[in-house]
Amino acid sequence: MVNLSTKIGSLTLANPIMPASGTFSEDLSEVLDLHQLGAHVTKTITAEKRGGNPTPRVCEVRGSMLNSIGIPSKGVQHFIDNTIPFYNAYDVPLVVSISANSADEFARICEQVSVPGVAAIEVNISCPNIEEDGKAFAMRPSTTTAVMEKLRSASDLPLWAKLSPNTGETIEVALAAEEAGADALVVANTLLSMAIDIHTRKPKLGNLMGGLSGPSLKPIALRMAYQCAKSVQIPVIGCGGISTVEDIVEYLIAGATAVQVGTATFINPNIMVTLLGQLETYLETRNIANLSDLVGSVRDEDAADAVVFMETAP
Amino acid sequence: MSLIQRHTAGEVSPANGTTHEVETTVKSNTPVNGEYRLLTLDAPQSVLDCQPGQFFHILCPVTTTEQPYLRRPMSIYGYSAEKGELQFLYKVTGEGTRALATLAKGDRLNVLGPLGVGFTIQDDWQNLLLLARGVGLATLAPLAQEAQRLNRKLVAICSARNADVLMSIDHFKSLGAEVITVTDADGTSDLENLRAIIEGRIADQGVDAMYTCGSNRMLKLLQEIGATHNIPGEIALEQQMACGLGMCQCCVRSFNREGTITQERVCREGPVFGIEEAMAW
Amino acid sequence: MVNLSTKIGSLTLANPIMPASGTFSEDLSEVLDLHQLGAHVTKTITAEKRGGNPTPRVCEVRGSMLNSIGIPSKGVQHFIDNTIPFYNAYDVPLVVSISANSADEFARICEQVSVPGVAAIEVNISCPNIEEDGKAFAMRPSTTTAVMEKLRSASDLPLWAKLSPNTGETIEVALAAEEAGADALVVANTLLSMAIDIHTRKPKLGNLMGGLSGPSLKPIALRMAYQCAKSVQIPVIGCGGISTVEDIVEYLIAGATAVQVGTATFINPNIMVTLLGQLETYLETRNIANLSDLVGSVRDEDAADAVVFMETAP
Amino acid sequence: MSLIQRHTAGEVSPANGTTHEVETTVKSNTPVNGEYRLLTLDAPQSVLDCQPGQFFHILCPVTTTEQPYLRRPMSIYGYSAEKGELQFLYKVTGEGTRALATLAKGDRLNVLGPLGVGFTIQDDWQNLLLLARGVGLATLAPLAQEAQRLNRKLVAICSARNADVLMSIDHFKSLGAEVITVTDADGTSDLENLRAIIEGRIADQGVDAMYTCGSNRMLKLLQEIGATHNIPGEIALEQQMACGLGMCQCCVRSFNREGTITQERVCREGPVFGIEEAMAW
């Protein structure tokens, strides 16, 4: 019997596999036993009702996908009345993802969802900060600090800061989030991308650009997860392109204490449970008693001082 | 006022918990004409409790030349729990369907379904009319099977570019449907002729419900006729899909529900919607 | 007969297809007729001799690759004596890629390679700036300006600035390069990534991290090429993940006036010539008389004002 | 002093301009034992002017489960311009070779080659000795063919875990080579026994040149023996490759050339190098 449990700060998860925000909903219970997941992570909600972006909202690129859904939201009250009770029927920690366009609004919804039945709040700071120049909070350490400090004072629940791969300052942003009181980092969100239909010459997404997710994102998000795990003391949750048990093991070795599975669930709705079984077998056959023995076990001694200079790889 | 009682977002429970991701085996995969192919699968019972209008989300194979990533939604063309059989009629258009076309007898295929909310045949609807063109036939075909089972009368108006690409005529006939064919080549497929045919049916035999699929033109035609004669109808819609299960919210379309524009997920609240609430696009 | 020629500032190329730096060398002449290319772009060289990074220098990731070659260089004199004469046997513009760790060194080698037989200089500003904090010049507009101004005064040849996808400030960096006198932008270099061998738990690259290239990079580099083409007046040369004629057409529609093909040549050494034939056929069958009719023809009217706010795509 | 005159980076022109990217057709692809398979291709003449020790860069097929991206380097195991045939002996290890293993007669396979610089057999080398283990046999096998053509004597020392996975013994014998087998199971494959066998050959028949492949242990052994008896030798080396053509500089290894450490590309200056200059790793 291997011990698959993992600790994200004060929170202990039965296993390290959870869904990524926006790629999961109550609907998955039709196919999969939601009890088996390490946590339930809900689609990002905003305080106000929102319609979301124009269609088409997804398109396929070679071996991966782009999306620009745009956080359609029924509003926070609908969420509290309907979604939280649904998940509370399960004995699995509920993680609520929130977002807003300004730091104050962000703090307000953070407070609003700090209710019983919620185990942690994932703060999707990859959304544009309309008070500044429209760049997402997570693009710069300064805006990350500003919003995280307000969020920190708005709730006593664990706060997971979800970072963006669009920044050129991953480590600085990670440190800023930690400094301002984040309890964990989720690394990472989607990467801004584009595809054009060459027949119509129109962008394939109604919103022109969208976020890359799926296998193509993995080497990038893994690099970020590694950089973050090396730089901060708080737990890092790996996310991006996971679709095999080898991917999960790779993230754990890189230093992630848990992982989120997103797009792969669209391809194989059962995949999170399949991966859980495979992870258990993996550890068993290698006589690894505790999942935590894998975490951060990367053998990077040889190259360790190269890291600093590897801001780019020509 | 909505003519047909439909699920709303809150109370949906499609497929009654009967959605499964399963491996099937290809029985055959044969060309129907230059563009369309019929795929017949050996499928487990767990996914064969289907409703006409529902769909499956298909994991197309990957080959050296075709590398589809997302699943592809396909209407159920035929299903039979007795034979353990599932059928799709598909048009070879892009990477995914080209990959599907490479499947041979004995190959495995992963499918997810049945998904979504299918067509309704209310108890008091005796005379059904369906209007289909192109790939719409695939979606509407199982309605004929269900109409026969429920002992209703069905007339199928089948439209196509020319007689060569008219499909499933025999299929409809064998299911007891009356078939009217119209083609562009004959100049019989224009809207005014279609209107005349349908108005004629309404006047002669009466029509209790109308069904269609896909096209804007046909939607508008049936909306007009339905409004004039107070005849309910349903339409199966398409939209780009990622999850097919209702999770990602990518597949929304706008609907006019009692004056308010709402967005509904084609994969979950649909793909079949009331004709009167569907909006042309 | 379609007109495949394209103008990059003062330079006219017979066709828009050229190799990407580092994925091409004299050796390709064994397989391919180098006359057929729109330009020849050489591997980045530095002034001094350099050994390059530890092996393994490449690894495979799902549908793409990572590399960390590290600019091994025989030095500028060897290049002038051997490489330039080799390419001058062809009637194809020669583009020389250079790099350095400081702005002054960069200017020096720029001057050194400004010799007859060189048609343009590609400045690989995606390399770390060791005078600052080790981040690549192309990570920030300020460092881009600083180095580009020195480069501009060091040479009268056309300067192509090669941008990095690692920055969170693509548009700002592009504008800085233009402002400082770049004649064209090459968009983009590789994206910092990582892969770990789960059996040995060692990074798959000797240098720990490396750059992602190949199909996975395409939606990201295409987005950048589009953003740049919208923002600057100078030509944009698209680069990243091109492996089909559809990819090339997509870049052209997005606003690129030419393209560079990199990793795809490793998969199919003949691909640049194959693509050229396919591009000609594509234009012919669609009655597009001039390649330039395709350039920038993206139909983005509907969504145009969304662009500004699409710094991230949650 | 270098015992063998080798190409240096400047003057390399491998394959004499005979490198081509071509489509071949699979003639057969059969298991040799539990781990190895022999792939025989119908290949065009343009790529059949090969030298022992050269390699091809193979574009493995893509399937739903295996999706290799880069090409995979494989030594030429057999080539015959008369038969229009090319052969590879490969070990199924990862994604690419698993994909290769799925190829069936009639399937197409894109290969690039021949690549690199092969083995040398100088005019005055009459008694050749090769030392091979595992997949090294694939690389060294064509040397026997060439030795026969040039009428030289060849002794092949073949090492393996056990007798079951000893390969190509008959192949070597049919090409007139003398074969000595050693196995771990018999306890005959250890270095000291190998040293004794080779020293014995040198004392009895004399050895003019030694060839090996891959392993550090064997490299060191032959370096020692070569230095002691002043016998030249060659080794075929491996390294991760991307382009296979000399463009990307990823496949370098370090060599000791007259006291200076230089880096050479395995795909271009190699894969065959002088034993005395190769460095253990």
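Brief remarks on what is shown
The letters A, B, C and D name the chains in turn, as written, and every chain counts its residues from 1.
One rule holds for everything that comes next: a residue touches a chain if its C-beta (ideal position, glycine included) is under 8 Å from a C-beta of that chain, and two chains touch if they have at least 3 such contacts.
On a predicted model such as this, the values are computed, not experimentally measured, just so you know.
In summary, no chain was found to touch both chain A and chain C.
Taking each chain's centre as the mean of its C-alpha atoms, chain B lies 47 Å from chain C. Chain C and chain D have Cα centroids separated by 36 Å. For chain A, residues that reach two or more other chains under the stated contact definition are 22, 61-64, 67, 69.
Shared interface positions of chain D, i.e. residues touching 2 or more other chains, are given as 67.
Chain contact topology: the protein chains form a single closed ring, every chain touching exactly two others. Interfaces, counted as pairs of touching chains, are A-B, A-C, B-D, C-D. The residues of chain C lying in touch with chain D in their complex are 22-25, 27-28, 30-31, 43, 51-52, 55-65, 67, 69, 72, 82, 214, 263, 265-270. Against chain C, the residues of chain A that register as touching in their complex are 22, 44, 54, 61-64, 66-71, 99, 124, 126-128, 134-136, 138-140, 164, 166-169, 189-196, 198, 200-203, 206-212, 215-220, 222-223, 226, 241, 246, 249-250, 253-254, 297-300, 302-304, 306-314.
Listing the residues of chain B that touch chain D in their complex gives 61-64, 67. Across the complex, chain A is touched by residues 10, 14-15, 17, 19-21, 59, 67-71, 110, 112, 239-253, 263, 268 of chain B.
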